[in-house]
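Take a look at the structure set out below.
Lettered A, B and C in written order, each chain numbered from 1.
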Amino acid sequence: MSDPHERADERMDAEGEELAPLVGQSSVWGNAWRYLRTNPLFLTGSAVMVVMVLMAVFPALFARGIDPTDCDLSLSRQPPSSAHWFGMDLQGCDYYANVVHGARTSVSIGVLAVLGVLIIGVLVGSLAGYFGGWADSVLARITDVFFGIPLFLGALILLTVSSERSVWTVSLALVVFGWMTAMRLVRSSVVSIRGLDYVQAAQALGASSGRILVRHILPNALAPVLIYATIAVGTFISAEAALTYLGIGLQAPEISWGLQINVAQSLIGSSPHLLFFPALFLSVTVLGFILLGDALRDALDPKRR
Amino acid sequence: MPDSLLEIRCLTVDFAVDKSWIPAVRGIDLDLAQGEVLALVGESGSGKSTLAMAVPGLLADNARVSGSIRLAGAELANADEPTLTSVRGGQVGVVFQEPMTAFNPVYTVGWQIVEAIRMHRDMSKAAARARAVELLELVDMPEPAKRVHYYPHQLSGGQRQRAMIAQALACDPALLIADEPTTALDVTVQAEILDLIRDLRARVDAAILLITHDMGVVADLADRIMVMKDGTVVESAASATLFTDPQHPYTRALLAAVPHLGAGQLSVTEADPTPEPEPAPVPALSLRAATIEFKSGPKSTFRAVDGVDLDVHAGEVVGLVGESGSGKSTLGKAAVGLVRLTSGSVHIAGTDITSLSQRGLRGPRRNVGVVFQDPGSSLNPRWPVGQAIAEPLALHTGLSAAGRAARVDELLDQVQLARKLRNRYPHQLSGGQRQRVGIARAVALDPALLIADEPTSALDVSVQATVLLLLRELQAEHGFACLFISHDLAVVEELADRIAVMQSGRLIESGPAEAVLNRPTEPYTARLIAAVPVPDPPEQARRREERLASGSRP
Amino acid sequence: MTRFVIRRLLLTIPILIGASLLIYAMVYALPGDPVRALAGDRPLSAAVQAQIRADYNLDDPFAVQYAKYLWGLMHGDFGRDFSGRPVLETIGQRLPVTVKLTIVAVVFEALFGITAGILASLRRNSFFDNLVLVSTTLLVSIPVFVLGFLAQYTFGFKLGWFPIAGVADGWVSYLLPGLVLASLSMAYVARLTRAAMLEAFSADYIRTARAKGVGRSRIIIRHGLRNSLIPVITFIGADIGSLLGGAIVTESVFNLPGLGRAIFDAVRSQQGTVVVGIVTLMVFFYIFFNLVVDVLYAVIDPRIRYE
């Protein structure tokens, strides 16, 4: 219910200069949300992500209460049936329950590793980017050294010499050799924003470095690293599966898709369902996160229009 | 018109944006004779560039063109690609605004000029290369045989633009389109390039379609001028006529808004019966032997500011003038502690801030307000503008939220913005409005000193005039000292009591504005003044002759 | 240009040292008995334990240990396996296979990836473009080892187009494994090329080229592609690291007797010294290759050369 005069006032300022039309100039996040709301990639990706996270947190719910360790050897390798949706595995355990429970380890590792990478990346990257100087140079050299060791190879060595191979150690291995990209992304965002006038304005007003970093720089700098982080969940889940498949990641009796695939590979001719289901779940999970990240990147890309 | 080179009839250009058509050019007619120079003048959004780019068919994919464009009898509007490709570069040469991005960074300028030549002329590579060197000589490039092998990033801004002109002229086009060819250049370089273009008129056969927002650039160069606004032609006349007797109110407003150097418009000869303000006991800002050096590589340092002494007394406006690289912005930043001095001292209202820590600077910073150049980046895009204005209050006063809100309303009134804009985000405001918000933020704490770093350079001419007026009024009302940094002498003349001129880090001249502008003591100052384009054709012509006589060519 | 190369070379040396130090510290400086760590659950005779201790100078202070280790590395001493056989010997035998596999993979990656990316960027939003986007997304999601099985089963076993395993058939045996290994990287290269081309097309210098009357195909190749190659080449260089990791899996699936297979076997038999030795070599190779890519980058982009 607005007065026409008021509306006219809103469109013109004191000297009658017209307001910049909103077409093509909307705010980054607002417009992004509008784009994402109806974007099929985003919706698919989020749906997958939500389902998988729920599956990881409440596996019993999805598995309809079937116990993955309730096994009967005589039923070994049975193909899928109405009673056992995914059939039975080598030990005669319900495969559906096992695959569902596998979500927990994979998703946890993916999320844990990405959280670790984000924390280190944001902390180190913003300090290096904002303060510059010798600390930045030292950090740059250290980053270069870590970049010299590819993620998979580094995690391989670290896990080779670890005594235990739990969800935590695998995540740690991925974080130790995977933090660098996030750090570089944050650092370059911070460096480019640091030069912008509104940061200089805040400095000129006498705001402290902490206040500037937290209230001005970071909220505007995080978009690229968040996109990377979303996709990285998928990448890390895939990496963990590969490590576990090789035998250097999680070990039995942990339930992991990588382990299931490892067992299934030699049986591909006789019992393809053993390979199919965990591979499907693994691929779909990774796919979901990648779609999500892609949709986010498109939404936040100013040049998209 | 029998020898009309370019005939445009009822040209309409629309752009598809978000499923609707936005008109950029509305039914325009245009005639350009051989060898004539026609200027399209307008502010941003007037459609002048769109009109010019429609001729060689260089619009974006989402453009829709209707109407007729005839070049030497051939129809170009919506022509097929082979026709357009042969016309582009062959009959129409284009000079763009930003030579740094307009050149491909991975090829030498010689390679790119040769490419232009060999697209339309059957020549061997060696012959084309020789012609490229000839072209560079034509545009007065220093050491052309050497520069032809340079990459774009190795040339200076002026040299790049010369190379761009050489490239556009490579195949003797009948029409040369120059889209804001000097906007990205320093004033003295701009003068050189304008002189070059004028000179080329005699040596080269091309008609020139010149697009610009700067009336001064147009004054000495154009035969005819078409003033555009919102996609239509508001007025079209011969150059001399337009300047002396503008018909349309918009043209008149535009001419009035252009700062005219030496027109003695305002504050310089106005008011003050006393020639110099009484020096207050303590200057608001005082720099002594200020030197600022930056590391520009592992072993070398770059001296941005070299031994500058400058005072800004309470209540006076000092205009700090210089071209790019003069160090004026760096000096402005040093005045508020954003950049550290390598040696020398800075005092704000008597307090030595040279080696204060960030925390120590808080106190003095309370008394300094800063206005920045780019309204696009001077406000945090995620904060409503009211919050941006309130930030100094939040940092330095103990006001409650309600108290701050009230003060913000007061400030919005002072800068003549509607109070309800307080909750808008920067992207929802125009450039001029954002700049007013920046000013409101700068004066929030009633500072004793205001530093304005090119506050109007990024604004349209008419908006610039209103913002300058606002600054003058605020300064008169509150009496703060002001260091006004700008590359535009005409703008500075409107505001400044004293003027200081910087070149390559040194302060080479300073004094009362009237004295510096009319009786400069340094040759560089004289050159700077002489290079400023003035929106008055006879005067501009006279100034050009003076420039040439004094031999200011590269 | 030579100055640039020399400077980059000098920068590479501390990175090599740093990486080897990092690896060494991980293995030998973490709490716990390194000998035990290297062997996992595998029982070791006293003789083997003594051999390891002597090899790696575990009784010396850390700095001395590391210095001797580095000295050994520079002389090709990558350690020994638990039966006393030098890792260098294994490397010598297995290296050619991995090199061939990697070359095939890089060729596939560059060839298919760049071509698909260029074509997709030219036909933006067309069916082909969407096909490329969808297929690359899928390829990126399916783990290499799964893809390996599927490819081996379908194209090798069921259809018989390619050898299933082993290197008996010469270069042909590397085709399918190379393609599988390249799949992930190929997908990224295609997307990156597409994005870089699209960005190049909207650059000012493209408008200038059009204004000069340059034809479409020349613009695409000489102006668009040339500038797009810069990020793509950088990526391919950095991606060699993931190819090396992927080779471990690929060689084990297709039973190729390369370095990756050696690592796989060593992991299985819990011979940590072999794992560490071969991985160290791979890391060195990766760092050196990145140096080559940097130099190539400077050749393509003159702005880098003249800094």
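Points worth noting:
In this text, a residue touches a chain if its C-beta (ideal position, glycine included) is under 8 Å from a C-beta of that chain, and two chains touch if they have at least 3 such contacts.
What you see is a predicted model; the values in this text were computed from it and never measured.
Chain contacts here are complete: no pair of chains fails to touch. Inter-chain contacts peak for the pair A-C. Centroids of chain B and chain C (each the mean of its C-alpha atoms) stand 50 Å apart. Measuring from the averaged C-alpha position of chain A to that of chain C gives a distance of 23 Å.
Averaged C-alpha coordinates put the centre of chain A at 45 Å from the centre of chain B. On chain A, the positions that touch chain C within their shared complex are 141-142, 144-153, 156-158, 160-163, 234, 238, 241-242, 245-248, 261, 265, 268-269, 275, 279, 282-284, 286-287, 290-291, 294, 303.
By the touch criterion stated above, chain B contacts chain C in their complex at residues 56, 58, 81, 85-90, 92-94, 96, 98, 101-106, 115-116, 119-120, 151, 153-154, 164, 167-168, 170.
Those residues of chain B whose C-beta lies close enough to touch chain A in the complex are 17-18, 22, 333, 336-338, 358-359, 361-362, 365-366, 368, 370, 372-374, 377-382, 388, 391-392, 395-396, 416-418, 420-421, 425, 427-433, 438, 441, 463, 466.
Those residues of chain A whose C-beta lies close enough to touch chain B in the complex are 9-10, 13-15, 17-20, 22-29, 196-198, 200-209, 216, 219-220. Remark: chain C residues 11, 14-16, 18-19, 22-23, 26-27, 30, 32, 34, 36-38, 40, 137-138, 140-146, 149, 153, 157, 199, 202, 238, 241-242, 244-246, 248-249, 252-253, 263-264, 267-268, 272, 275-276, 279, 282-283, 286-287, 290 touch chain A in the complex.
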